[in-house]
Amino acid sequence: MDKMRAMELVLEAKSMKGLTFSEIAEAVDRHTVWTTSALLGQQQMSMTEADAVVDLLGLDMDVARALQAPADKGSLDGPVPTDPLIHRFHEIVQVYGTTLRSVIQEEFGDGLMSSTDFRIDVERIADPAGDRVRVILDGRFEPYRKW
Amino acid sequence: MDKMRAMELVLEAKSMKGLTFSEIAEAVDRHTVWTTSALLGQQQMSMTEADAVVDLLGLDMDVARALQAPADKGSLDGPVPTDPLIHRFHEIVQVYGTTLRSVIQEEFGDGLMSSTDFRIDVERIADPAGDRVRVILDGRFEPYRKW
Amino acid sequence: MDKMRAMELVLEAKSMKGLTFSEIAEAVDRHTVWTTSALLGQQQMSMTEADAVVDLLGLDMDVARALQAPADKGSLDGPVPTDPLIHRFHEIVQVYGTTLRSVIQEEFGDGLMSSTDFRIDVERIADPAGDRVRVILDGRFEPYRKW
Amino acid sequence: MDKMRAMELVLEAKSMKGLTFSEIAEAVDRHTVWTTSALLGQQQMSMTEADAVVDLLGLDMDVARALQAPADKGSLDGPVPTDPLIHRFHEIVQVYGTTLRSVIQEEFGDGLMSSTDFRIDVERIADPAGDRVRVILDGRFEPYRKW
Amino acid sequence: MDKMRAMELVLEAKSMKGLTFSEIAEAVDRHTVWTTSALLGQQQMSMTEADAVVDLLGLDMDVARALQAPADKGSLDGPVPTDPLIHRFHEIVQVYGTTLRSVIQEEFGDGLMSSTDFRIDVERIADPAGDRVRVILDGRFEPYRKW
Amino acid sequence: MDKMRAMELVLEAKSMKGLTFSEIAEAVDRHTVWTTSALLGQQQMSMTEADAVVDLLGLDMDVARALQAPADKGSLDGPVPTDPLIHRFHEIVQVYGTTLRSVIQEEFGDGLMSSTDFRIDVERIADPAGDRVRVILDGRFEPYRKW
Amino acid sequence: MDKMRAMELVLEAKSMKGLTFSEIAEAVDRHTVWTTSALLGQQQMSMTEADAVVDLLGLDMDVARALQAPADKGSLDGPVPTDPLIHRFHEIVQVYGTTLRSVIQEEFGDGLMSSTDFRIDVERIADPAGDRVRVILDGRFEPYRKW
Amino acid sequence: MDKMRAMELVLEAKSMKGLTFSEIAEAVDRHTVWTTSALLGQQQMSMTEADAVVDLLGLDMDVARALQAPADKGSLDGPVPTDPLIHRFHEIVQVYGTTLRSVIQEEFGDGLMSSTDFRIDVERIADPAGDRVRVILDGRFEPYRKW
Amino acid sequence: MDKMRAMELVLEAKSMKGLTFSEIAEAVDRHTVWTTSALLGQQQMSMTEADAVVDLLGLDMDVARALQAPADKGSLDGPVPTDPLIHRFHEIVQVYGTTLRSVIQEEFGDGLMSSTDFRIDVERIADPAGDRVRVILDGRFEPYRKW
Amino acid sequence: MDKMRAMELVLEAKSMKGLTFSEIAEAVDRHTVWTTSALLGQQQMSMTEADAVVDLLGLDMDVARALQAPADKGSLDGPVPTDPLIHRFHEIVQVYGTTLRSVIQEEFGDGLMSSTDFRIDVERIADPAGDRVRVILDGRFEPYRKW
């Protein structure tokens, strides 16, 4: 079973049992964002993590094995997402890409933000003018080493 | 004068005078990220903001006018950035795009994070294992209205 | 069941029963355009709305569940539609894109038309020289906030 | 002189004189949207219309000649606009493309909305919850003729 | 049943019965080119036309229903056809595109050839130096209306 | 001087002198379509033809030499034209491509319409319901030779 | 049965019977290159040729019918082949494309090498420094006819 | 001076002096195809070869230096050539790509035709039915080495 | 059975039996990198090699036949890999492509590194600051031969 | 002055003075590969390094400033290089991409090879059967951190 099929079975069972990603994350003992990305085929779970998922959702061991398999990362159909929610993030990279490079280089020197020693947080900030989505990208700075 | 030419003159003067984006931002009385994106041609400055820039950098009024012109937003040459620093953000959208959609929809319902009522912050988090880059995307949640 | 399969079953049943999108929209108690886009997999129905659809069309609850699932929005195969009817709208964006930006910015300032607090209407205007299609796009203006 | 160069000179003069597109449109005696699209290189002006432009803006006859030249229509750099304001219209075509086809075909039969016997209107609708942008696309229905 | 599946069944039956497109067109009482394009999924047949097809070919009513369904027009896999016969037409648009625009604009003014009030004819012209293919594209001129 | 620069000079002089493509074609003693395509850089003129052009338009011998140079054929910026007039021809290839292949193959056997032993005619057909554009593509049939 | 499925069955049977393309070509009484391209779905066989194939390989008449069907020519997944052997030919077109045009035009005048009145030969040239692959492309010169 | 500028000067001088590629090749003492590709910027000439070119054409040493510079090989604007003469070669790769792979692998085993230990010949074969273009690609077979 | 299906069965059996690529490589008596690439469909195994695989993994002869079939090389979905591990190699080609050309040309002259008389090694270099991945690409230099 | 212009001046001076990249690298006191990539606009030099370059080559301080500017990394025109030498590296990523992922993941676990804490070496290995190019990519392993 490949990770995409496992994802379908997980989402179906999740919907049938009325569970949220946060509740599954709690069972897995990981952050909601990481757990969600693992269930969507973008991470490699440990055996304990995968077992927790299939136990909670009542799925069989084929799914658990797929969740532990290495990921072929990349969740989109093409370089420009068509879904508006995802597109906003693409748009931010398009509009602020050179800005982020300039600000990070000025503050840190030549290098970049790691996407492996990295985490994402999504927070809801209550606001009378409309609640806000806060997405926090947090990665170690990786300097370019000269040789 | 178009905004790209203004950007070149601004960067040249900034380099000659040894100023940082933060110092220009202070003169403009705006956040460093916003000011940088405006100098890189992605925002529309007010007259006061543009005047502060040309005063500080010793540039003429043509540059100020260009900084106040409407922006044709989009700072990259194509949909997939080749510069590694910028590419990491593209990669994050590729890998975590469906995750962000799932997590935001579960928390907020059908809608998305605004990219207009929106701000970006870049912070340096000191860490003995290597300082960390923290990029905070913060936008109002925009629910889909049915009709 | 995914939304694409649900769409196929809905269209098949609609054709068999000889119903129009407007008649389904009436049962759903929503506008024809919104209802059609929901049936074509681009919106997330409430339980009541989805139940109205499957009741009217004699479909089972799997379809109703799919209609309530979050949408991966985007109804076309690529960025440039080949179907001539849809292409005309793409052509309008190509030809009048910069015009719309200039006119909206001049009238409203820096910002854009929301596509979430948004509705579309399609009207038939009788005209002796040939009836006219009137498509009305109506979205809240979203100003860019500086920070 | 080509139409792109004419556009640059027009926009520069317009900015220097502090004129709006609406004021130029009044001088040209055409709708603001049509006039703007002509100034942005997407239409072919008559001699009277072009003369009114150069008179008002104090430009020379080369510009007038360019405004009367046939247009190589298409105002964007690629099929997917990067500017967020323009992108929202692309997004609407992506998300609602098949919906528009279904609704128009059901109402009118096999055919499409003309983009030549066609006009666009942009209106500002005052609204306490935030003013609204209303874009009205209005074209004759063109039925497919069988043979 | 979708139009692609109907096309497969039609072509299979046509081949089994040894019929030509012209013979089917005669039964449908339409031109060979229009009938062929309808059988290849690019047009919407009336009930009478579709019934004539399934009667002649011995197919069932599912096929007839599919032939009457609205078409998602576009018969190629991508913008540049690889099949040499079809590519020649693409090549003609590439090489003579600006020529056709110049000649049509000079003769007719600003506008274009309709592709809805339109027909195609294919004729065989006997020629001792090798018979010739004559493809006649014939559409109403559609002038751009100013507003 | 390259053919693109020659084209610009030719179009400028043509506009200044108020000549039509047909009038230039008469001087060249070739068909209007062929002459136009040669002036737009898509054909290789003979010395006599090129001389006739520069004589009529009052241009110098550099232009004549460029008109006689071999052409790098292809008049469009990309595979999908954005200009609506040219796009209609692209659309016809998209929608009727497989139809043309089927009809030509059935009539002629395996082969294709030559685009070298080939001519295009554009005719205006008066019609009370709106004059019609008739574009005639006429090429020798080239059978595939087996070996 | 479509030509792709026929190709799979042919290749499977060929492999099972341990036959080479040359041996099949001999049975078909055609050149190895032409026969191979026909078996790979790029040509239209006569009934005799197709019957020889299915007789030799022990396949049924469905395969023979598919081999006689018109081909939708084009054997690659995209414009740039990834397979290194095939890519070398693409590379040769990339590197020597303008050279081939210049040399052919200088020798023959304005025109091109036919790809229909055309044949390919592949020869093995023994060489102590490593045997050589010789691919011979041989097509009638097709002059551009002016009109 | 870069190789593209050198190419322009070479072609201009060649045209002025009425020389053919073959005559230049004779002066360079190399094959016409190789010499042409070197003049078109695709090869690296030796000092002797480059000197022979500038001597013959009366160009200065900057051109000679550019002809000796390493080449950034690739003579086309994109992966699919629009020029019909060059496109035929692309078409041949598209249609016969998998055929060439099958025939070469069957004859030689796993490997490919070198494009470095490689030569191209273009011959004119007189033929009463129309002279033929013969293009001979000749490269050492390079077997894949396992490890 | 095609090579992709064989790959799936091999990976499934490998996972079930808890074998590593190195262990399979040992049974095949080839390097781990070569063996892995063969199992992933990129090489052509000999009968002995393929038999060793199916013996070790308990698969049937269909798999062995597929492993011996010629490869349609190319393991990625598109030209820009989305998986971050693979993307780093693409990035290295993007950033260091012209550097590698300059350094190799200066050291070796005009030519390139063979990708057929070629091997890849992957080594783990222990390092207290974090172990290092060393990827060694090793191919015969192939000089361009002039003719 | 931008980095591309600086690169041109550096390459011109280097050619005039007959220096190699290795000799410049020695003056800069860095590895030849790193120095070359910096001169080709892909790295950010320190003041000392840049001064050494302009001293050696006799260039002015504008060039030195450009060499110290941050790089917009990416040395190629598109995702698929056309130059054969560079293309071989692209081909290696295409063919061995999934192999490298499998081998690295099996040896190191979930993670990737850093492209910042990274170096490239190019070595010439003498070999009687033809000298070999050895390219060594060496980067710290970066494990994915879960959260």
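Odds and ends about this structure:
Should a chain be cited, it is by its letter among A, B, C, D, E, F, G, H, I and J, assigned in written order, with residues numbered from 1 in that chain.
Everything below uses one rule, namely that contacts are C-beta pairs under 8 Å (C-beta built on N, C-alpha and C of every residue); 3 or more make two chains touch, one makes a residue touch a chain.
Each chain and its UniProt protein: A, B, C, D, E, F, G, H, I, J = Cyanate hydratase.
Keep in mind that this is a model prediction, so the values were computed, not measured.
In summary, the chains found to touch both chain E (Cyanate hydratase) and chain J (Cyanate hydratase) are G, H. Among the remaining chains, the Cα-based centre furthest from that of chain A (Cyanate hydratase) is the centre of F.
Its C-alpha atoms fitted onto chain C (Cyanate hydratase), chain A (Cyanate hydratase) is found rotated by 70°, rounded in steps of 5. Simply put, of C-E and H-I, more C-beta pairs touch at H-I.
In whole angstrom, the spacing between the mean C-alpha positions of chain A (Cyanate hydratase) and chain B (Cyanate hydratase) is 23. With centres set at the average Cα position, the gap from chain G (Cyanate hydratase) to chain J (Cyanate hydratase) is 41 Å.
Each chain gets a centre from the mean of its Cα atoms; for chain F (Cyanate hydratase) and chain H (Cyanate hydratase), those two points are 29 Å apart.
Chain centres here are Cα means. That of chain C (Cyanate hydratase) falls 47 Å from that of chain I (Cyanate hydratase).
Multi-chain contact residues of chain J (Cyanate hydratase) (touching two or more other chains) are listed as 33, 71-74, 76, 79-85, 91, 94-95, 101-102, 105, 111-112, 114-118, 142.
Per the touch definition, chain D (Cyanate hydratase) reaches chain C (Cyanate hydratase) in the complex via residues 20-22, 32-33, 36-37, 40, 42, 73-76, 79-81, 83-86, 88-108, 111-115, 117-118, 120, 122, 124-125, 127, 129-142. Across the interface of their complex, chain C (Cyanate hydratase) is touched by residues 30-31, 33-34, 43-44, 70-72, 101-102, 105, 110-112, 114, 116-119, 142-147 of chain B (Cyanate hydratase).
Interface of chain J (Cyanate hydratase) with chain B (Cyanate hydratase) (complex): residues 65, 69, 71-74, 76, 79, 115-116. The touching residues of chain G (Cyanate hydratase), when paired with chain J (Cyanate hydratase) in their complex, are 80, 82, 84, 87, 91, 94-95.
In the complex of the two chains, the chain E (Cyanate hydratase) residues touching chain G (Cyanate hydratase) come out as 15, 80-85.
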